[in-house]
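Paired with chain B in one complex and with chain C in the other, chain A is shared by the two complexes that follow.
After this line comes the complex of A and B, so read on.
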């Protein structure tokens, strides 16, 4: 197993190098440069040139890439010029906030999605299945940012049950109840689509398993239906469900961008959008590489988990 | 079959978990008295006045720092601030300021002539030990400054490399705000996160992406502020900002989107509006194509229904512009100027006279950008108006930074017209940088449409070196008449900045400078 993990880790290196090249080239190729973004209307060629020199952007592209890569390997991601602080500080702080949001949403959608899928499958074409299918399709069809705005309108502006935006209260204690209050709406809005997808795929994975011989055998041996569904069938179906969860984790993470914009959650997605608009090259590059690294690691973790469940996968 | 029970139990459990989440949500406390919560449009870059360029950052800075001079309340005319008086030499090149006695920076160090010199040397002198705390993108506001001398502890002298009339006005701009030299020495490049000025509020705390908090400075030389503290919250999404205002999460909201204004039309909200030094215009390519002919440029001015744009597209958040200088520069604005009326017949006649019927025009439109208001909708309305008088207008849309990269180097060979907007602090800035022959893009200026009129050049050069305000005003007024007649631009709109306050906020007024001044504001 250790060898397998090591092999997967080594294979991640070229992936990350490739990502660093791509994000670097994209930032170099998109029109508009940081100096123009900073100077706005005052961007005379002369001012732009001077500022680019001050920002160290006048060197050749290849040289700039290797300086950046070299610094990054030593843990120096550079300094964000639009926020005027080290890129790594900003990214870590923001990524923490995103993890809280996306992590909560992921736990919510996994539990609710799998539970809904199992119930649906166990009661195929029953009332529960039809009701769940209806809500699941509804959830999949509503864009999360729209849902978020509607939730703000109803639960924050009209009912005033929850704050509109942010992660912490501007005043008052920063305790868990304050966090839960701020987290509830965005986490729910973020979880809805993924819950639907997971529910649909869990349902079909379960249906497939429930038709198999060992289930019939278990029933014939008099195992209680609850145990058949939740112990025997679900365990077998998890092999099919876990990769779906892994993919949905990626969607939740990327869907967090919209939700962070709507709820002004101080996460890494909102940071990247702002940074791109401001042409904050180092912040975009550092942020993307960091997020990509986390995503690659997560995928490896999912694969390892799957291998533990079903050793046949390891090849 | 126990499954249904289990299902129900599972569902109930998850419902209960959710309800617990609801129950745990804190009762939303009212924001405290004496603490003003301001909804800003973005996280500030830094709280170092020399290093920033955004109006959003200026809104905080103007309350933490002072300059030598400032704009008189409700105007764009300078009055004393940290300098109590000044003299200007006969030739307009030497400014000597007497400084206010007994003023201290928030960090306790005294304000004196050495501090003034430190600030300008840091920005302008590349060999200054703290020049590396930059870059200072707007340092060119003071590029005329040759040297700053300490005459005595309370007198400082600026020597310019030539007469430069906008100098005092530039000193009133945020780039001229003065920071504590000790704070720069202590914090180096981090001074932007540890600001220390002399202003009515002192910096308390900056929680990244959450809030910047400033507290009242009880020893402020111009009287302690009414508020105990101000919290600036960055809320980049305009809809969310509107929702926060409606939910009571903020007391003051700036840059209200036109479509959201109706939400705040009734109690407990007050909408504030203030025209500022802003002009929204179309650059016309006077070098080549149909707009090389003055009659066609005038025709464009007649063809476009500016009333409809400001009233319908912008929902009344702007006024029709008459010429290149915004009316907010009251002393330099030519009141006699009337906007080009909407007259499609006259436009058609002028086009026919010039033989430009059916001309194809390429029109650069931006998706958004500083001061650009609602550029896509405005561009579409303009396209329709121009097509109605017989042009064939093709729109090309660009993201803001890309747009600047296309427009600033000049429209030659690419486009016939482009949207543009400027906000400035002196009537000199925009025409000097964008209308002179010497300001063509190849000479480093912003005259992207290649307008050239020697009479305008002469007036602008003369106005820049005249130190007498009445004389400057006369020159600018004359310039506006010629430029309006020559029509190098289509003059479209002057934006009225807006803000909304709730009924707990008192004594608030927007400034024509677009700065947010909170010294006198109250909150109960």
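After this line comes the complex of A and C, so read on.
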């Protein structure tokens, strides 16, 4: 197992390099002098000259890439001009908040989505199936930012069950109950779309498995139907569902950008949008590379989980 | 045409189509409608409520007419979404076709690149592109299109690979056609439907995405507004004036939902598996819809008695009569063989006993299965479940697919025991090891922790047998348990079953298509053809002197008894399709002795010598005195 994890980590290196190349090339599309573009309104001659020295921006493209890569590997993602602090510090701080939000939403959508898919498949064409199918359709059609706004209107403004926005109360203790209160609405809004997709795919994965011969064997053994569905069928269906969960994690992370805007969540998504509007190029560049790299690592974890679940995969 | 009909049958998809068509038409004629200018501000009339003096939907934070802005915004959002889908599809398809058509290095390099792009959470890529190009609707469109290119490239590449290796492409190449022409004239026309489907399923997504970027303030810039930026601008007034948010948000919801409904309908109409109902989930027990009351039980010493069993498959409007009235009885300790070609209904008969025929599409439409003093047809699920595996156990063909692939054989054996007899795990495990020993699996203590795929075919089948023995059942129904095995293993399994049967006094129903197996194991045999028994009696008597022409033919194609797997296709012709059974004898088409009388009326199963019966008007003469009693029972 350790050997397999190591192999997967090694195989991630070219992907990570590819990601850095793609981000670098996109940023190289910025028209005009790079130093001026990066500095924007801070582009005094001294600043331009200093940046050119630090990042080698007057050098050819290939050389510039390796300087950038080398800096990043040493933990130097550059300096954000709009915030006047190192990019990495800012990204790490913001990414923590995003992880809390996206992580919660991911756990929610995985549990709810799989459960809904299983119930839906087990009661195919029944009332529960129809209800779930309808909510799934609604869930995958509603823009998460609109849903978030409606949730604020209903649950925060009308019913006053939850705070309107933010991660922490402005006054008062920053304890776990305060966090849960602030987290509930955004996490739910973020989870809804992915729940729909996961429920849908889980349903069809379950229907596929429920027709298999080993399900008939379980029934012929006299295993209770509940165990047939949740123990036999779901276990086998998980092999197909786990990769979907990995892909959906990317969608949850993406959706977090909208939800962070709606709920004023101090995450990395809002940071990126602000950075784009302020044309803080280094902050965007660093944030994108960092988050994408984390996502690649997460997918390796998904692969490892998959091998743990399926003894037939050779590790 | 049939595609459109299928689509029309799906009411939800039709609703989606209607809504979408209405929205598109509305968007197209927006400039012609007598609407206020969407961009004229009038701060005096800010935040007018809907249905008030200031227009149907009221006004926004700058006093602009919301209805007009909504329609213009819809127009813009639709245009941008469709444009993004079109661009992504075109570029993605071009990349996919090149990669799929040329293959090799080119394919490798391109697909590596595509994989890298797909390694991003999509919005990061879109944000990076917008960051580089600067905010703006055009740039948002480019970003959304670019992010979706890999999806199209990968899909189209797959299709192209399968097309590029077909004969007509080879033929075109041999005739000296250039690659560009082949791609344009041979490949592209075959790929276009796939592109269209992929587009129809992603266009809703693209509309959502561009609206999203506009919502973030990165797409359309004021005063121009698509639905996303309308929502984004309204956000600051969400609490005081929710209607300005709800109007554009609801519109996005309606559009995307209509597109999704339509897309699902298209997919369902094109997926042949959905048409055949193959994606239906089999229920825990077979559906029972008896059209006639079950026959009265014959009070005799049988442990299991099947009478007048009828099982059908209802697939859409067609009915397949898989089992058309079968009578069988099994005495304690007896081995009864059921033999026939595939499709003769022998397995369906066996599965009907415990309600294990997959349903849908299976339906038991008549008969009685008498076991333990009660009729099991139509018995409540819990009654059947308690008997399954405890008193009547099954052994199935091909244990690789009938054992759960992800649990160890030990876990599956333990479960079989504990499903009926709550025992502590350790005890059940010890019992499982015993069972593995009983079926002569060496190193049972270590084998118990193996997964099915780690065992050989013969070992797996032994596990299947051990599982059937777990609760000391009275009856074992073995459905071709040796068919998937090679000859020597087959012989071992058969002798194992024979020994177990003698040691434990098991009654066995043995389904097979191999007379060699019948000779080795069975006391009595029933020959099935087209869902009915055509001959039944003591195995030895039938093997020495078959009475039904079909039995005789079946035996004639067996080169040597006890040999390996064989197919009975050596009989000319095919069994009749069970949804179109001819009148009279079902075997008439293939029978040498067929005569006019064979094709008229139902031919009954009549007694034919001691303990024998046959369904034929011209059977081989019985060695004993001629038949004198007429009976419908396979005694």
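Just so we're on the same page, the second predicted complex is superposed on the first by the 274 of 315 C-alpha atoms of A that agree within 3 Å, B and C clash if a C-alpha of one lies under 4 Å from a C-alpha of the other, contacts with A are read in each partner's own complex, and residues count from 1 in each chain.
Rule of thumb we're sticking to: a residue touches a chain if its C-beta (ideal position, glycine included) is under 8 Å from a C-beta of that chain, and two chains touch if they have at least 3 such contacts.
In this text, all values refer to a predicted model and were calculated from it rather than measured experimentally.
In the overlay built on the shared chain, the residue A:152 is in contact with chain B and with chain C. Of the two partner chains placed by superposition, A:65 touches none, neither chain B nor chain C. In the overlay built on the shared chain, the residue A:90 is in contact with chain B alone; chain C does not reach it.
When the two structures are aligned on the shared chain, A:261 is found in touch with chain B and with chain C. Of the two partner chains placed by superposition, chain B and chain C are both touched by A:225. When the shared chain is aligned, no partner comes close enough to touch A:135: not chain B, not chain C. When the two complexes are overlaid on their common chain A, residue A:54 makes contact with chain B while staying clear of chain C. By the document's definition of touching, of the two partners only chain B reaches A:163; chain C does not.
When the shared chain is aligned, chain C comes close enough to touch A:121, but chain B does not.
Residues 30, 122, 149, 152-153, 157, 164, 224-225, 261-262, 277, 279 of chain A contact both chain B in one complex and chain C in the other.
Residues 1-4, 6-7, 10, 14, 21-22, 24-26, 28-29, 31-32, 35, 37, 42-43, 45-46, 48, 51, 53, 134-135, 137-138, 140, 189, 192-193, 207-211, 231, 233-237, 239-240, 243-244, 246-249, 369-371, 398-402, 404-406, 408-409, 421-423, 433, 441, 444-446 of chain B are the ones touching chain A in the complex. Residue ranges of chain A in contact with chain B, taken from their complex: 30-33, 35-47, 51, 54-55, 81-85, 90, 93-94, 111-112, 115, 119, 122-123, 128, 149, 152-153, 156-157, 160-172, 177-178, 180-181, 184, 224-226, 229-230, 261-264, 266, 270-271, 274, 277, 279. Contact residues of chain C toward chain A in the complex are 112-113, 115-117, 119-125, 127-135, 204, 208, 211-212, 215-218, 231, 235, 238-239, 242, 245-246, 249-250, 252-253, 256-257, 260-261, 278-282, 284, 354, 356, 358, 381, 385-390, 393-394, 396, 398, 401-407, 415-416, 419-420, 451, 453, 467, 470.
Interface of chain A with chain C (complex): residues 15, 18-19, 22-23, 26-27, 29-30, 121-122, 124, 137-138, 140-143, 145-146, 149-150, 152-153, 157, 164, 204, 206-208, 210-225, 227-228, 232, 235-236, 239, 250-251, 253-255, 257-258, 261-262, 269, 272-273, 275-277, 279, 281, 284-285, 288, 291-292, 295-296, 299, 309-312.
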